[in-house]
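Shared chain: subunit A. Partners: subunit B in the first complex, subunit C in the second.
The block that comes next holds the complex of A and B.
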């Protein structure tokens, strides 16, 4: 069901905006999207939103931020502050999931499986950097419905 | 086959977007005068193929309207330009990844005002998203950005006192004003997330009606 979670998306978004061009420039692969292939996140049913959001936040915490170190300390600081914001948002989503409002339907399970398949197509660093560069895709989707 | 590409590259290849009218712009290669021709291609991020833009093939201008090709704002895009001169060519030069939803600029709202003796009524209209043809379906940017808000400034021209209001709906009634006084109204759009805002509209000035009672007793 719908799960109203107060999200500091704006905070994440403004942090990401400062490094977006730099991070996306590190991703030379135009032909694959971790989050959008083969179907856009916008195709996810409303009822699956809460679960997909929670799972994607977990994906970013477990498989993305830790593999995104760069040679630029400013960029690294921004990445870790985004990661911290993610941590607090995921905690909120966790509470939502535990209160069983977060239904994980078959479609969300399929979507998350595909995200991992796309991720494993590349080596870890490339996949993590591409995922980080797609953060606005995640935020656009979350903001659209919130 | 591809010619030997020794021509300098087009420079500063980027999208300029207003209300999601998305136009690719670039500068001519360094040191080249007239006669340079260009061709353009674009791709949807995450999809494998580059697509040529026929209307921007062998053009000598340095822009190409890709609004139609980039109108789905749930997708992100790349575009690329190649230059030709006297049998030589440049490399393809790409834009940064373009996200119409976050990378567009928004025009100010349209402001209309009316007045009574002691109040001003303000109606604000958000601009429309770019559309293929005038007959096409109109989509307000309010539908694209549901959290869209308005910042409204009201200036008393006599006292130079200014009020600011931040509203979510598109009408505002400003009460308790002085009769027979000129007020100027200007408004701006603000989208909280993704963080976007327009400039302020030009000022619309209107006078409150004269106080009828003061006219009779005089």
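The block that comes next holds the complex of A and C.
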């Protein structure tokens, strides 16, 4: 069955846009992408969308937001807003997964493994900051597919 | 360290139309100005970030007893909030809001609305309630409530055209606000009815 998740991408995107330049400026390594190497998210089959979304939201909750604390209170507040929104959405995705509506195919499982490989190429803070800087790649993919 | 100040009391939330304010009673210290600092903690901070608290810079060491927390309460999860008093070098323990605050509980009021008959055109002007708001507008010919029509309005930057009216008939309109982020609607506004303003003669 299909998985229906209520998510205000506009709200998350507006929060991200206010800190995007600052976050991306903290990422000196432009030759590597966490989410888009070697293949774009847009190659993910639509049947796998729920599972990939769930896994990527879990990735951001477990491995990204907690390593992105900065010296800037405003940035930290915006990251908190995004993280709490992600938590809310992941809860809905979790329900879909528990109802078996969120199954990953082989290709998508490979894609998610590659994201983790890309992440582990860098030290934790650099990888987390780069992943956060790529949030619009994830939001674009989710918005385009919704 | 100096004697502690009493912690702020009567901490509560005023939340209307997705605008959220934390308020508390003033701490009185004779001859001194008392200032307050506010912090918040979302569900993410409790579950993933060692229950950390985040200061709201606009509400740090301020004299007012109210803090606009709207920008920080931007997810539909349970938030903790706390406030502390400071006077000179002295400061109080944290006073914490009793229970969580989730923006899903915000109270929603019906939108202000102005219905306009511009010749034979039925138009409506809606209050700008903020980016989180959409509107459901219902309109019908008076006496024909069963044939009500609906229009969803996502942005209110201009007057909305609803229908072209027949001469001599009254048209009625009512509207409600809808917030997608919390999937809730306000009650409907008062119904307003108008009649087409067109003249009787017709050039052929």
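Here are some notes:
Definition applied: the second predicted complex is superposed on the first by the 144 of 146 C-alpha atoms of A that agree within 3 Å, B and C clash if a C-alpha of one lies under 4 Å from a C-alpha of the other, contacts with A are read in each partner's own complex, and residues count from 1 in each chain.
In the analysis below, a contact is a pair of C-beta atoms (placed from the backbone, for glycine too) under 8 Å apart; a residue touches a chain by one contact, two chains touch by 3 or more.
Since the model is a prediction, treat every value here as computed from it, not as a measurement.
Overlap between subunit B and subunit C is detected when the two structures are superposed via subunit A.
In the superposition on chain A, A:81 contacts subunit C only, with no contact to subunit B.
After overlaying the two complexes on the shared chain, residue contacts for A:133 are found with subunit B alone; subunit C is out of touch.
Contact with subunit B, but none with subunit C, is seen for A:9 once the two complexes are overlaid on the shared chain.
Residue contacts after overlaying the shared chain place A:121 against neither subunit B nor subunit C. In the superposed model, A:107 makes contact with neither subunit B nor subunit C. Once the two complexes are laid over each other on the shared chain, residue contacts for A:31 go to subunit B alone; subunit C is not touched.
Touching of subunit A by both subunit B and subunit C, each in its own complex, is seen for residues 10, 14. By the touch rule above, subunit A contacts subunit C in their complex via residues 6, 8, 10-11, 14-15, 61-62, 65-66, 73-74, 76-77, 80-81, 83-88.
Subunit B meets subunit A in the complex at residues 43, 45-48, 74-76, 78, 96-97, 99, 101-102, 146-147, 192-195. Listing the residues of subunit C that touch subunit A in their complex gives 40, 42-45, 47-49, 54-57, 71-72, 74-77, 79, 131-132, 180-181, 183. The touching residues of subunit A, when paired with subunit B in their complex, are 9-10, 13-14, 17, 21, 24-25, 30-33, 36-37, 40, 42, 133, 136-137, 139-140, 143-144.
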